[in-house]
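What follows is a pair of complexes built around subunit A, which joins subunit B in one and subunit C in the other.
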Partner chain A sequence: MPPVLVELLQFLFSGLASGAIYALVALGFALIYNASHIINFAQGEFVMLGGMVTWVLLSQGIDLPLAILGAVAVTMVAGLALEKLAIERARDANVVTLIIITVGAGIFLRGLTSVTLGKDLHALPAFSGNAPIDIAGATLMPQSLWILGVTAAIVVALHVFFHYTVVGKAILAASHNPLAARLVGINVNVVLLLSFGLSALLGAVAGILIAPITATHFEVGIMLGLKGFAAAILGGLGSGPGAIVGGLLLGVIESLGAGYISSDYKDAIAFVVILGVLFLMPRGLFGKRGTERV
Partner chain B sequence: MLDIEGLTSHYGRIQALDGVDLTVGEGELVALVGANGAGKTTLLRCVSGVQPVTGGRVLFEGKDITRASPHTRVALGIAQVPEGRQMFGPLSVEDNLRLGAVRRKGPKVADDLERMYERFPILKEKRRQPAGTLSGGQQQMLAICRALMSHPRLLLLDEPSMGLAPLLVREIFDTVARLKEQRTTLLLVEQNAHAALGIADRGYVLETGRMVLTDTGPRLLSNDRVKEAYLGL
Partner chain C sequence: MVKRLSHALMVAGVVGAAVGLAASADAQEDPIRVGSFLAVTGPASFLGDPELKTLEMYIDRINGAGGLLGRPLELIHYDTGADANTARTFVKRLLDEDEVDVILGGSATGTTMAVIPLVERAEIPFVSFSGGVVVIDPVKPWVFKTPHTDRMACGKIFEDLQKRGLTKVGLISGTGGFGKSMHEQCVDVAPDYAIEIVADETYAPSDTDMVAQLTKIKNTEGLQAVVNPGFGQGPAIVTKNFTQLGFDVPLYESHGVASKKYIELAGEAAEGVRLPASALLVAERLPLDDPQRPVVVGYKTTYEAVHGPGSVSTFGGHAYDGLMMYKAAVEAAGTTEPAAVRDALESLSGFMGTAGRVTMSADDHMGLDLTAFRMLEIRDGDWVLVE
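Let's turn to the complex of A and B:
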């Protein structure tokens, strides 16, 4: 292959890997937004907790698979606690108040982590080593394959959950019509709790998958949360397919921008995307349009 | 079966219900009529638990349910066909029906689905389509079937004939009459006072949040005040 194409392929590989991470974070935003119209600004902290707790468990001599499970569990407990202790108690407040609560919760989680686990940067080991795989001259790290594979598995699992299980459909129903959901007997508090738990799970998985590549730190959630948010906006807030496409697209745009223009601009691209989408197509690529007949 | 005592409810500072009393006996069909904005929907929402009660009590089979959550009430046997049908629009017709049975467990749900499809074959034909694509009349049938999927002991119907063509209005009232024959207890809210009082055992008239009249269906139909205000005679 000509070097130009090899270079392009290389950028695409790295863009898709980080894009998959953004997609997971964006899916977390979408779940909570659909259940409550809350934009959960603590979503990034779930990502951070995933990586940081895995690191601390590993440092205690626990095996990687167990450390990962432990980190996912701890993060889910944090997500459930946020809903139970803060959001549910303020449920009658308006959405802006609830969003501010999530901002506060994010600051709290960050502070708590820096106090208990410190402010150092920690690298996690890659799941299956660092021997690069050669594909048509471009190299793919095994960790990137893990990211793409796990993300794909999660997307399939979510699809099955929302289309083939009663609980999944009840969550969809509650997000489309909360009044009707309550009238048929769906417990909307449980729906909200489930969506925070599920969002925390997605965030933790994203944080664990990316930690071997970018290392983890008590503040990684800020940037990853914002990128996930940009991806969610790009795809259309509240849309599942939108979150996935938005995440992958943002990852690729970022990687091409960093590769062909300058890596100085890498992080700025997410903000340009947020502003561009909000100005030019506020509903994003897959945003909701009214289909209901009245 | 249902006893409402001195019920008061507010939207912020606006009072929508002011000390309302109403009872529905087992197997009865009770009609609640009143002008637009009288508070009929608010009353049904209070019974289902989706509207805060600021005073009074709601008793179901002697049990105080004033503070019970909506899903508890569905499990106890109270179902509502809400105003405006309130479909889960993007979900399929069949999913809408299945969600009507979320508070029930067991394989019987499939049998119930079949029974609904038998009664309304059009729903079977369209069972894989998003509920939002159905016509108004079909959505109303679906809303009724969805509520029936919970096996309610008390069914609340909020203006089921609203916005429908005369032929469909007939079908709705036929369905209500059939439910009564099957001994389902019914509280029917209607602006179509003539048709509602015509099939009801008893009726109530609500005016700006206060209950002003109650009597048997036939006697309310011949009441001068009702004739003038609600029957346009």
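Let's turn to the complex of A and C:
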């Protein structure tokens, strides 16, 4: 293959792997937004908790698969607790207040982690070694394949969950029309609780998948949360396919921007593209067209 | 008239008594007041914490051994939390209320720069533990510093490249404070070593992937080495990506990641990476006839005896150097009178500290040369001295 194409392939590999992580975080935003119109700014902290708790369990001598399950469980408990103890109690407050509560919860989780687990960086072992895989001259780490594979599996699982299970359909119904959902006997509070639990799960998985590549520490969620949010906006807030496409697109734009234009403006290039898209399509690529109810 | 005279006599008597008292106290054990302001908490606590521990530990030891010029040292310390405004307030207090004889401290360049005008006005010797070259360039009469600078780290790397006959270098720098400053210094100092910078890329400190930048560097015509000025997790990711892409040139990291943490984070990918670091890091591995060996081994064992194995850091070493330089200067001057101590600090020659051999002069208030750094290579997950 000509060197130019190898270079392009390398940029795409690198962009897709980062993008898959952004997509998982963006999906977390979408789930909670759908169920409640809350933008959960503690989503990045779920990512952080996933990585940090896995590290703690590993350092206690627990095997990697068990440590991962444990970390996902702990993060889900954190997500459920956030809904139960903070969001549900302020149920009657307006959405902006609830969003501010999630900002506070994020700061709280960061502080709690830094006090209990320390401020150090920690590396997780790669799931299946560090030998790069050569594909047509471009290289890919086995961990990147894990990221892409697990993200794809989660997307399929979520699709099945929302379209073929009663609970999933109930969540969808509640997100489309909470009042009508309540009338047919769906407990909207439980739906909200479930969506926080699911979002925490997605965040934790993203955090665990990326930790072997980037290392993890108590502030790792800030930037990943922000990138995930940008991806969710790009794809259209509340849209599942939008979150995935938005995440992958953001990763690829960043990588191509750094590779072909300038690494100094890597983030700026990504944000300019997002602004451009929003200018032409204010609801994002896959956003629902808003309808005013009278 | 008589009344007025008696009044005057009385005043004279009181003043005389006071002067006498002060003089006698001075002769016995009026302590030498050492002022300090460090970032013991907050984002730079990894600097301030070992610095304060070192000062406390060694001041106790000096006092235990009979003090300085027969007088005990008294440490007056305030925690700045790495905030420049707080630092200014506390240094004002040190100068005006505590009336210290010397100021040792300033963990970061920001807090140091904020207090320099106060110290200069008060004319009190000030030894800073901060890294930035701006602290001593241009030279300020009362300000000295102990740590090496970014510029010297670049110099050391380029010197090593020169020895290996490599001249075409690709830079990949973090955009955080450390990476940015070192990047500037590297670009500035490169011509002195006939180094040509053929690629110049950056990454943000929280980036998770640097493959795109490194791919660009790898495809640069004639590339012979890659240098990565950066701090935190960035360099570990760069190192992993570097190995992933299968570069066939050497990778140099900076003194910013000279810790076991970096080897832990980068794992196998760190094999063969070179970096300049303080001698303290490889204290026991220095040759027995190395003149710096007794100092660094002594400091390391003393510190780790109190604070646990593996706890020693170069930052605490900067505080050790500052305190010992002040001690040497006071002993040379035979007084704690500020102007005399300042002159003695400036004429310090051949002083051996944890950062290297220090020879001050009127236009160099740091006094370190490139021998302050040792070139290390990572082999089998551990440091090996290159020289």
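Here is the rule we go by: the second predicted complex is superposed on the first by the 274 of 294 C-alpha atoms of A that agree within 3 Å, B and C clash if a C-alpha of one lies under 4 Å from a C-alpha of the other, contacts with A are read in each partner's own complex, and residues count from 1 in each chain.
In this text, a contact is a pair of C-beta atoms (placed from the backbone, for glycine too) under 8 Å apart; a residue touches a chain by one contact, two chains touch by 3 or more.
Treat the numbers as computed from the prediction; the structure is a model and nothing was measured.
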item: A:Thr165 touches, of subunit B and subunit C: first, second, both or neither?; value: neither
item: Greater subunit A contact set [subunit C / subunit B]; value: C
item: Which of subunit B and subunit C A:Asn177 touches, first, second, both or neither; value: first
item: Which of subunit B and subunit C A:Ser59 touches, first, second, both or neither; value: neither
item: First, second, both or neither for A:Ile186, with subunit B first and subunit C second; value: first
item: Contacts of A:Met141 with subunit B and subunit C, given as first, second, both or neither; value: second
item: Which superposed partner A:Gly259 touches (first subunit B, second subunit C, both, neither); value: second
item: First, second, both or neither for A:Glu7, with subunit B first and subunit C second; value: second
item: Those residues of subunit A which subunit B touches in one complex and subunit C touches in the other; value: none
item: Of subunit A, residues touching subunit B in the complex; value: 166, 169-170, 172-173, 176-177, 179-187, 291-294
item: Touching residues on subunit A, where the partner in the complex is subunit C; value: 3, 7, 10-11, 13-15, 17-18, 21, 120-121, 123, 130, 132, 139-141, 210, 213-215, 217, 220, 222-224, 254-256, 258-259, 263-264, 266-267
item: Touch list for subunit C against partner subunit A, complex; value: 175, 201-204, 206-209, 211-213, 215-216, 219, 232-233, 236-237, 240, 243-246, 261, 264-265, 267-269
item: Parts of subunit B lying in touch with subunit A, wherever the complex brings them together; value: 48-50, 69-71, 73-75, 79-80, 82, 84, 86-91, 95, 98-100, 102-103, 130, 132-136, 139, 146-147, 150
